[in-house]
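Which chain is which? They are A, B and C, in the order written, and residues in each are numbered from 1.
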Amino acid sequence: MDARMARLIETMPRGSEPEGMPEKATRFVYTLVWGVARIFSVIALAIAWEALARSGVFTPFQLPALSAVLERIWTDAVSGDLWINTALTLYRALVAFAICAIGGVVIGMAMSRNQFVHWFFDPIVSIGFPMPKIAFLPVVILWLGVYDVSKITIIVIDAIFPVIAATVIAIQGVERELIWSARNMGASNRELLHQVILPAALPQIMTGMQVALPLSLIVAVVAEMLMGGYGLGGAMMTASRFANSTSVFAGILEIAVIGYALVKAMALIRRRLLIWHQEVTWQAFVP
Amino acid sequence: MRQSFIRYLPLVLLAIAWEVIARLELVSATALPPLSDVLTSGIDMIKDGELVSNGASSLYRAGVGLALAILIGGLLGIAMAWWKPVDMLLAPIVEIFYPLPKSALIPVTVIWLGFGDGSKILLIFLGCMLPVTIGAFNGARSSEQVLVWSARSMGASRLRMLWDVVVPSAMPELLNGIRTALALSFILLVSSELIVAQKGFGYLIGALGANGSYDAMYAVVLTVAFLGFAADRIYLRIAKWTLAWRD
Amino acid sequence: MAVAAQIVIDRVNHLYRPPRGREVLALDQVSLEVANREFVALLGPSGCGKSTLLYLIGGFLPVETGAILIDGQKIVGPGPDRGIVFQHFALFPWKTVRGNILYGLERLGIPKEEREKRSTDFIDLVGLTGFEDSYPSQLSGGMKQRTALARTLAFDPKILLMDEPFGALDAQTRSLMQSELLRIWQRTPKTVIFVTHDVQEAVFLADRVAVMSARPGRIKTIVNTKFDKNEPDIFKNKFFVEKVDEIWNVVKEEAIKAQGKRA
């Protein structure tokens, strides 16, 4: 509720304070307008792609027509290949993400509460963060072979960092007065952790997870590209080796759609879990 | 100084543990060669030039791609923040490409430009442009209204205002976007070189692995990882210095 | 015939140890006695340690030098006998108004029916009927503070600690809340220790005003402000204004000192 609304409400006699109605209505209109604009621009982009492809500026090899790419996706869907590859990539990405989510929060919590754990992990997290951890993939393969385990492991190595960092910052940032209020009302240490600290830290922890999810997808795809076999990444690499550019573009489209769907799903989950949270209002780019 | 030592002590202990575990062959010798062997292989590779020449290749690709991304991405972001029509045109494109994993573009860049430098530079350019554009956009948008108004009241032309007011206040967010792009450039570089290259760090790692020279492979892996970390730290220094100078 | 004071603060010092930099003496040999159901205001310039004293009484900071006794017993940490209300409300943002109020009652193990009844009663008392299921982010500042007040009153602490509770509110809401608080206190009297830097607020609400010096905080003087305040234009009443002046002259010295130290 913005300051203007708040002041308006305060000057009104009690008992006739309006609910946040006007605010909800404007928000709905905003979302509607932006949604329409987005669909419009997707369509515009699609038309531009098709026109450009047909114009002859690029060869069909360099830029296959959108129609050809969609047809390819359709064929793959009918034959079942699309589903198998998608399911595999999603399986690897999501299993790894689950490990990151749980493991990351646990490690982050342990780091916040225990001096020794914090001392031990802090340099690892601090130095590990800006490293291109994908470089460790060959080492992981060396240790764990060429199957799903290695793929999942490298994803975890990459994506667990944002979760740990977000958890540590979130827990350290919990308002002192919240903790004191809870203690004031007789909360024990355990109750304090579960009933106050974790809920208070949740928004930021969720943000960390929202970074980790698309990251899990990217690393899954890259690992598949390197290691071949089934999965969206592997299929794309195979297509590129056979100079099948239509399939390569199809792969990009598929991964884009899945990436978008995952990000949207996370945003929805966030909205439901954090319905109470005062969201920072307008960001031009909602990832 | 002493505080730094204590802070990074766990890494020293891990290094010692590595050496001990490897020497005692608690883990198979192939999977985990002793740290000392890794270091000596590394030094050997520097001496015979393999590490340096491949490294130069990699850094060249990343450097060019990143430079282009910063330049064009930054200009685009500021343009989008400053001129409404540009924003309306480009914003949806940016929104659509934001959730796309840039690594998915690796096969496409290969199809277009082959195995060499070109595909890597293109990949890094495309991938790193987005964070810079978004950083520049958000930064320019947030430049305080008050500053803009006072500049305008002093008779500054729109272009002048852009240079004197908007760009400086956009700096923090822009610099942050560039930091993200920097990390991303390393990731895209290593990924693409691991998969499709004939020289560079990633290629070297793959070749050494296929060859069975695991201690050398470890050496290159550690080199790349460390370079990524060092680049970030050096960048932070530069960024801090830039901001201080501006103020 | 002397009745033992409910709260006894006996020569308390407090050293503030910042993560970086030197230690600072925040409180210096502070002594104060508060009787049962008395309303005492702690008044002083910024940085004088009045909030720190409040936190010590509340048990949120450890008493290292000196002693604080409640009903003759040394305090050992926070507890529901001393309810606290913070300036920035400290409401649990993930709980509704009712949820916030219920929290303390749940911790105390009060049975469900009783809990529901009590929370409804207090929501009524502070005038938030109709907003039980709203989240703090949907409330105005005044409403949040009323929720915070209801939350603390609900578990019936015998002592109420208030840390500049109306400081974050705008002037109109603040004056409304002051009257509210007085009304509630007159209905369910408790011991109240009220921290503020606003002299008029202190004189209006309190039976006694303890003026603190600039850092390191000491109790400089205690002024009796217990008189009938139930007239409509009390702030313009001659006696009231004299009291405010008297206290303000003491505070002014300290405020200037505090400014000097900051610069």
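Rule of thumb we're sticking to: a contact is a pair of C-beta atoms (placed from the backbone, for glycine too) under 8 Å apart; a residue touches a chain by one contact, two chains touch by 3 or more.
Quantities reported herein were computed from a predicted structural model and do not represent experimental measurements.
Undergrad: If you check the contacts of chain A and chain C, which chains show up for both?
TA: Touching chain A and chain C alike: no chains returned.
Undergrad: Please find which chain has its CA centre nearest to the centre of all protein CA atoms in view.
TA: Nearest to the common C-alpha centre lies chain A.
Undergrad: Measuring centre to centre, with centres taken as mean CA positions, what chain is farthest from chain B?
TA: C
Undergrad: Report the inter-centroid distance (CA atoms only) between chain A and chain C in whole Å.
TA: The computed centroid separation for chain A versus chain C comes out at 44 Å.
Undergrad: Go ahead and note the Å separation of the Cα centroids belonging to chain A and chain B.
TA: 20
Undergrad: Between chain B and chain C, what distance separates the C-alpha centroids? Give it in angstrom.
TA: About 53 Å separates the centre of chain B from that of chain C.
Undergrad: Tell me, which parts of chain A touch chain B in their complex?
TA: 37-38, 40-42, 44-45, 61-62, 119-124, 127, 129-139, 141-143, 214, 217-218, 221-222, 225-226, 236-237, 239-240, 243, 245, 248-249, 251-252, 255-256, 259-260, 262-263, 284-287
Undergrad: Give every residue of chain C touching chain A within the complex, in rising order.
TA: Checking each residue of chain C against chain A gives 55, 58, 60, 77-80, 82-84, 86, 88, 90, 92-95, 103-104, 107-108, 127, 130, 135-142, 151-152, 155, 170, 172-173.
Undergrad: Going by the contact rule at the top, pick out the chain B residues touching chain A in the complex.
TA: Interface residues on chain B, with respect to chain A: 6-11, 30-32, 91-96, 98-108, 110-112, 134, 137-138, 141, 183, 186-187, 189-191, 194-195, 201-202, 205-206, 209, 214, 217-218, 221, 224-226, 228-229, 231-233.
Undergrad: Which of the residues in chain A come into contact with chain C in the complex?
TA: 1, 5-7, 9-11, 14-15, 17, 20, 175, 177-178, 180-187, 191, 195-196, 199-200, 202, 274-278
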